[in-house]
Amino acid sequence: MRTGSYSRRIVISRIMECVIFFFAFISLLPLTLILFYLAKKGMAAIDWQFLTHLPRPVGEEGGGVVNAIVGSAILIFCATLMAVPLGVGAGLYLSEAKEGKLSYWTRVAVDILQGSPSIVMGVVVYLWVVKPMQSFSALSGSIALAIMMLPMVIYSTEETLKAIPCTLKEAALALGVPYYRTILKVVIPAGMSGITTGVLIGVARIAGETAPLLFTAFGSPFLDINPLKPVAALPLVVFNYATSPYPQWWEQAWGASLVLTFLVLCLHLTAKIGTRRWKIQF
Amino acid sequence: MENPILITENLKAYYGNHLVLKDINLEIPRLNITAIMGPSGCGKTTLLRCFNRLHELSPGGRIEGQIWLGDTDILSLDPIMVRRRIGMVFQRPNPFPTMSIYDNVIAGYKLNGMKLSRVEADEIVERALRGAALWDEVKDILHRRGTFLSGGQQQRLCIARALAMNPEVILLDEPTSALDPKATAHIEELLISLKSRVTIIIVTHNIGQAGRIADYTAFLYLGELVEFGPTERLFTAPKDRRTEEYLSGKFG
Amino acid sequence: MKQLSDTLFNAVVRSCAIGTLILVSGLCVTLVIHAMPVFRHSGLSFLFTSTWDPLRQQFGALPFLVGTVITAVLGVLISLPFSLSIAFFLGEYFPSGKLSIFFQSATDLLAGIPSVIYGFWGLFVVAPFMQKIEIRLGIMPYGVGIATASIILAIMIVPYTASIAREIIKLVPSDLKEAAYALGATRWEVVRHVVIPYAHSGILAGILLALGRAIGETMAVTMVIGNRNEFPKSIFDPANTMASVIANEFAEASDDIYLSALIAVALLLFLFTTVMNMFGRFVIKKLTVRQES
């Protein structure tokens, strides 16, 4: 350590503290700005018609995004339905078989999946589903989203179940309960809150995803719940409208952005409150 | 010994290649309290976990030899059937956190998918909780979570949970080591009152506790059964030098 | 003796793990197989030439590689002072209390906003602002371009780097810090000479993870980078990244070789991010294990 006069060192320490505080506070500026614009422009676009009507062609006043809201709901629901059983199963395997080759490589695979860019999922699911079926579809969109969600579900299941004391499992086994019943009726219920939180965070993540949907769900101006047809989604609407040349659509994009952000933040909030509220004492 | 309930013959237990119990030959007397004592790491918990075959679930856990329950070797049975006949209470109270007190008591039935009528269930719960001397304290809060109880009450709930299955033997693995002295005394009284109904095997590292409640005591040292006999005889006239040293506090 | 249902249950659980493994390996294999045609067609010039003209079947992905690296590195560099300040603020100066909770929630919020909304906001708020700056500087006022994309990326990755770095900073044993305080060090000297040396490899790993994320970020970048398939000459030029070119052209790729070229770009992107991720995770895992043992 360089030695300087004591007061000088105090001053330097003070200055650095101010610099750190300054940068930390400045980094909140974009958040404030984004929320400000979303609130200002989004509120202006949202009314009852916006939430309940189908889009209208350019030039016609009004129109809404109900197809995108319903489409997003379908996509998220189907993706959750696919990702949760597989993810919980894999997480369970990892928490039970901590060592071993299969666990090691599965963990590596999950890490890779977690770090992969979402557009890559879109490309792969296009090749797997869209190309053989020769049509964009809600199904392919949900598969892409399910793959995005899978790592979150696996991580949270594994972490939650690992934290459950081993004695709980032994208590059930010592009562003569078969292993599979012990897991299904004692271990999983005890970890339910953690797993649910993980699923909610996963849903929040995929709800805002656009890139995997570009060449899978594709978007559609109609309200259609056939899983083999293209379907609209809120993030797709934001993207398509925002990059269109029509100011009228830009306004709608602000409205859709506000709805989407609100939805995602609500999911995060629920997950956060849920973590505290549903916590189980051991 | 007359009419023993559990007999081990050349019982060996391993963790991987590590031998933790060496040729244990032991006869556990029926409807008595038997204490298993010894310094930590001597294998006493492992021995207990052999009796209900929980040891096999530890990584690398393996058992050799015979354990006779009546005239069947439990090592040839389905572990699940063994565990329904031999109950266990653990070191730390571990009621099921997602279940009410009521459901905790009949957990053995519920989790095994055995159907009970309302009346049967009520009867089993009351009998088990009375047996565990917990009924008066919890009879009005049966449908609250078991984890809200105090440590001593939770442990008695775990004893009730084991009793509800009507086991022939109950294994207790240092059941009072996580409890305060008052709760400990309560549990000890309870065990003495239970021994007319069920055979009790208790692992303890507390010499005083063994002296207070056990009819018979086994002393284990480094995986070997050093000495076994009536508690009074073992405490007053130990035959082996190691037992004497342990009792006088030289190690452990 | 094992019950049948237990065996069945174990098989189901195991197959979930195997399924995940197959999914990921299938993903890699699919990318490789479908990327092969373009490598057969253009060979290594795919990586090292800079003409991307699908009509004449010329596929040189160099502009996208360069565009991606410049945008991502610039984004990370811009974000560093902010993310590290937040990390020190939360990890060292205010580890608990109301202010900490406020900051924590704010950064969580920032991390939770979908990327398409960052892109939208960037297009309508940041790009016009950049245009004004570019007019001042007397250069082509595109508004959109590498610089705009980097700024948006920087905003997006601040919470990510900050949370990793904060966790690492919290791992610094307090007795080490106390020892330095006991010797009369000031707070900054403790940070500078104890915390940073102890945490620097973890922070670097966090930066690497953030870089991986910046490289893979698609929507926000696609919306503000200008989408021009030429070699960028300045940081204010419009360009394309690997992710943005896929997002823009994949749906309209008409012939097989064009599609294969875009899939090859996806493969490169996948390899880039995976290598960074694995390395970053490896370092962080090692650090955490050292702490626990």
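Labels for the chains are A, B and C, by order of writing; each one numbers its residues from 1.
Note that in this section contacts are C-beta pairs under 8 Å (C-beta built on N, C-alpha and C of every residue); 3 or more make two chains touch, one makes a residue touch a chain.
Just so it is clear, the structure is predicted and the values come from calculations on it, not from any experiment.
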Contact-graph separation of subunit A and subunit B, given in steps at minimum: 1
Per Cα centroids, the chain farthest from subunit B: C
Chain ID, smallest distance between chain and overall C-alpha centroids: A
Inter-centroid spacing, subunit B versus subunit A (mean Cα positions, whole Å): 48
Separation of mean Cα positions, subunit C and subunit A [Å, integer]: 17
Inter-centroid spacing, subunit C versus subunit B (mean Cα positions, whole Å): 55
Per-residue overlap in subunit B, given as positions that touch at least 2 other chains: 80
Two or more partner chains touched - positions in subunit A: 178
Where subunit C touches two or more other chains at once, by residue number: 3
Contacting residues of subunit C [partner subunit A, same complex]: 3, 5-6, 8-10, 12-21, 23-25, 27, 30-31, 34, 81-86, 88-89, 93, 103, 106, 108-110, 112-121, 123-125, 155, 158, 185-189, 191, 193, 209, 212-213, 215-219, 223, 243, 246-247, 250-251, 262-263, 266, 269-270, 273-274, 276-278, 281
Touching residues on subunit B, where the partner in the complex is subunit A: 52, 54, 57, 80-85, 87-88, 90-92, 94-98, 107-108, 110-113, 147, 158, 161-162, 165
Parts of subunit A lying in touch with subunit C, wherever the complex brings them together: 1, 9-10, 12-13, 16-17, 19-24, 26-28, 30-31, 33-34, 37-38, 85-90, 92-94, 96, 102-103, 105-106, 108-120, 122-124, 126-128, 147, 150, 154, 178-180, 183, 204, 207-211, 214-215, 218, 235, 238-239, 242-243, 250, 253-254, 257, 260-261, 264-265, 268, 272
Complex interface listing, subunit A residues touching subunit B: 165, 167-168, 170-178, 181-182, 185-186, 189-190, 192, 280-282
